[in-house]
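The same subunit A turns up in both complexes below, where it pairs with subunit B and then with subunit C.
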Partner chain A sequence: MTGSRLHPFTLLAIAGALPALAWILPAPDGAAATLVVSLVLTLTPGARLGLTGIGASPGWRRRLVVFRMALLTAAPFWLFLLLLHDVPTTIATGLRITTMVATFVWLVAVLEPARLVEAMVAAGWSASIAYLLAATLSAVPVLKARAQRIVEAQRCRGLSPRGGIPARLRALQALALPLVLSALHEVDERALALETRGLVPGIRRTPLAPPHDPAAERAARWALLLVCLFTLVRRLIVQHPS
Partner chain B sequence: MKSLTLDHASYWYAATDSSALRAVSLDVAQGEVVALVGALGAGASTLLLVAADLAPRVIGGRLEGSVSRHDRSGIVLPTPWTQVSGMAFTVWDEVAFGPANLGWPAHEIARQVDRALERLELVPLASRDPATLSGGELQRVIIAAILAMDPGLVLFDEPAAELDAEGAALLWRLIRLLAKEGKAILLATSALDALPDVADRVVWLEDGAVRAVGTPDLLAEGAACDAGLGTSVATVWRTGGLPAPYPLTVAHAVRGRR
Partner chain C sequence: MSIRFLALIPVAAAISLALSAAVDAVALPLFLDTTGTILATALAGPGVGIATGIVTSAVNTLRNPTFWPFVVVQLIVALYAWVAARAGLFRSFRTAIPAGLGLGVIASLTSTPISYLVFGCTTTGGIALTTALGKALGLPPLGACFFGSFVSDFGDKAVTFALVTSVLHGLPRRTAARFPWALRAIGAA
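For the complex of A and B:
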């Protein structure tokens, strides 16, 4: 089964359980195990085309893009950890952070915000809260695409993102300011648009196509929760025996 | 029956001292198309936000005077890409976003969505991802999304800005059709040449206040032409030094010459 065909709550449960286990299990072995699982997940099918950079590439290539994106996003954390800590701490914390990053990148790639909203509404959640959560998840590719457009526009005006540190800082400023300002401006307009399209607090939205939630997946979610709790309790008892 | 009534409505945006609307009194009846014209900053968009109950309720600011709405309103804003829900992967789902939020039964949602798609000639695009559409196509999707919610009062803010000539012609025909069905339409536009065929009344706004109200013939008057609010034919006529009254459209000009 591909990641995107799983029920959105199952995807969220996996994305929550893996980082939790990474921090609960002893490092480096436990964190390494969760990292392997999360990296394998990034290689499973189901990544959305909306994740910028994936485009219409063939399946295996698409998966490699998600895998590479996870590693590239985690790389700066390793650098900072290495500057601040010794090697064992860097490895332990780095594995955990990389698990978190890889799981989040995988989640963004496979979870369709629309399906999440449908699932939450069908489960009785407020549509506004569901939208807020889904919009947060869909913000990553949207902001990345906009940043790319701004970079291209600034290049057309002669700004080069290459060169020494001062040049790169200037380029960063030329990217960051329009990115933040345009995002803020769009938030205003989008709030008006959503309001006029009926997304107001207290509505009872009609689920259009609620995702199927098989009993096996519901059981798997409970099992994940129990595994996390069991591991946490066991870890506390092992570390702090009475 | 009145769908919208503004009585001496004045509005101030948050943290500003000067009012964006000044004592505007206006009503729009069911089945009527009222066009707002004016220079940039005249207050047309602000008036639409007040009419849609978005200002000051959502965007803040201060309102004086009274605004009465007798129908549910829907507003089409000028930039389509900021109005997509971001939650839909097909045009059909995008149009269904609003009706679903109203809690309608699924069959009624499907009926309204199909009807709106048909009216905006979007049926061939129904399964397309909204992110892959052109600006004009997306604008038609947004208009369909508002119409699918079946508002009694439809507010348009520069709805033709992203449309090509064919799309704009479709929109103007649709607006007349909506009025015929009994909807009240309030339209802010700079497409002045379309108004003689579309609008029942024209409201000329200047610095947030109503300067004149009348039939579309207003757009052929000297004062409107001086303010850049005449139709193309009237402006050419005047610029050419031909005598008043200026014709509103080519058809009027031809009739006048005969």
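For the complex of A and C:
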């Protein structure tokens, strides 16, 4: 089964369990094992950098883009760890951080926000919570584009981002204030739109196309949770025998 | 929670994440990633602020997974901003900037143990480099880690408080009056 076809909650469970195990299991062996699993995940079919639009070409190269993105994202941490720590600590912490980075890069590549919202609604979560996540994900690129337009517009009006810190802070205020105020003026429009669509707190909605959630996946999610708890308890007992 | 507050949370979270474009344009070493949390708290109270902080961290985590453990900092920021709003500390820069500096100390004290224990103080390039500077100055590892967090948080939170003060004063009174805490935060009620 490809990553993108797994139920969104299963994807989240894997993304939560792998970094947790990387920190719970003794380093470097445990963290190395979780890293291998997470890197293999980035090579699985269905992983694509959908949110960024990179890696749209089909086939093996597309999978390699996710793998490469995971390594490139983790690389600076290794550099900083080497700068601050000795080699054993660098390896132990580096493996753990790389597991976390690779797992989340994979998660972003396979998790479709719309499917997650449908899954949350189908599972009986409040529609408000699903809205918060989906609305933020969609609002960020819109506001970023608006911020860029404001930067260009203010530059056309002669705003200079150069000079000492006070001058730059004044420039920052001239850039940030229109962005924040314009965003706040949208709140009433959004509230009206939500009310019109019946998204009143406490109301349960019917999902349009709920993702299939087979019993095997539900069992696997519980198994992942139990493995994490068992490993944590075992680690604590082994490290601190009474 | 009212519909207006529900609509405010994603807007405030997106403000935190979109301000990076403005920061990049002026090339200042700032994050401003708690602006939305502080603003939402000053407008609508701690519940909305905490929700904004959690949503901001969750969405930021998709961009950089090292952000998630620092969700605790967002909660502390929301609670601190609530106290500041109740005390009317957003009434002027003279009161807001010292309050922001205080938050900088608290935020760095909160983030240091997380950064040290989980990431070995390597969360971002800037913090790692200032931590290395602290180490070069002879500070112990935890002290160097606090130094790195403090240098980045101290000024950042002061600027964030100043920015939120500007926004609250720039809001038309009619708009501000729709949010329960806005007028009190600026000392107008």
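Assume the second predicted complex is superposed on the first by the 162 of 242 C-alpha atoms of A that agree within 3 Å, B and C clash if a C-alpha of one lies under 4 Å from a C-alpha of the other, contacts with A are read in each partner's own complex, and residues count from 1 in each chain.
Simple rule for what comes next: a residue touches a chain if its C-beta (ideal position, glycine included) is under 8 Å from a C-beta of that chain, and two chains touch if they have at least 3 such contacts.
This is a predicted model, so every value here is computed, not measured.
Within the superposed three-chain model, A:Asp29 lies out of touch with both subunit B and subunit C [touch as defined at top].
When the two complexes are overlaid on their common chain A, residue A:Thr196 makes contact with subunit B while staying clear of subunit C. Once chain A of one complex is fitted onto chain A of the other, the partner contacts of A:Leu143 are limited to subunit C, with no touch recorded for subunit B.
By the touch criterion defined above, A:Ala135 reaches both subunit B and subunit C. When the two complexes are overlaid on their common chain A, residue A:Arg204 makes contact with subunit B while staying clear of subunit C.
By the touch criterion defined above, A:Ala171 lies against subunit C but remains apart from subunit B after alignment on the C-alpha atoms of chain A. In the superposition on chain A, contact is made by A:Leu179 with subunit C only, not with subunit B. In the superposed model, A:Phe77 makes contact with subunit C only, not with subunit B. With both complexes superposed, C is the one of subunit B and subunit C in contact with more subunit A residues. When both complexes are aligned on chain A by C-alpha atoms, subunit A residues 131, 135, 142, 186, 188, 190-191, 194-195, 199-200 touch subunit B in the first and subunit C in the second.
Of all residues in subunit A, those touching subunit C in their complex are 19, 23, 51, 73, 76-77, 80-81, 83-85, 89-90, 93, 97, 100-101, 103-104, 107-108, 128, 131-133, 135-137, 139-140, 142-144, 146-148, 150-151, 161, 165, 168-169, 171-173, 175-177, 179-181, 183-188, 190-191, 194-195, 199-201.
Residues of subunit C touching subunit A in their complex: 1-4, 6-11, 13-15, 17-23, 25-28, 30, 32, 35, 39, 51, 55-56, 58-59, 61-62, 64-66, 118-122, 125, 128-129, 131-132, 135, 144, 159, 163, 166-167, 170-171, 175, 178.
Across the interface of their complex, subunit A is touched by residues 49, 52, 54, 58-59, 73-75, 77, 79, 82-89, 93, 96-106, 109, 129, 131, 145-146, 149 of subunit B. Those residues of subunit A whose C-beta lies close enough to touch subunit B in the complex are 49-50, 112-114, 117, 127, 131, 134-135, 138, 142, 186, 188-200, 203-208.
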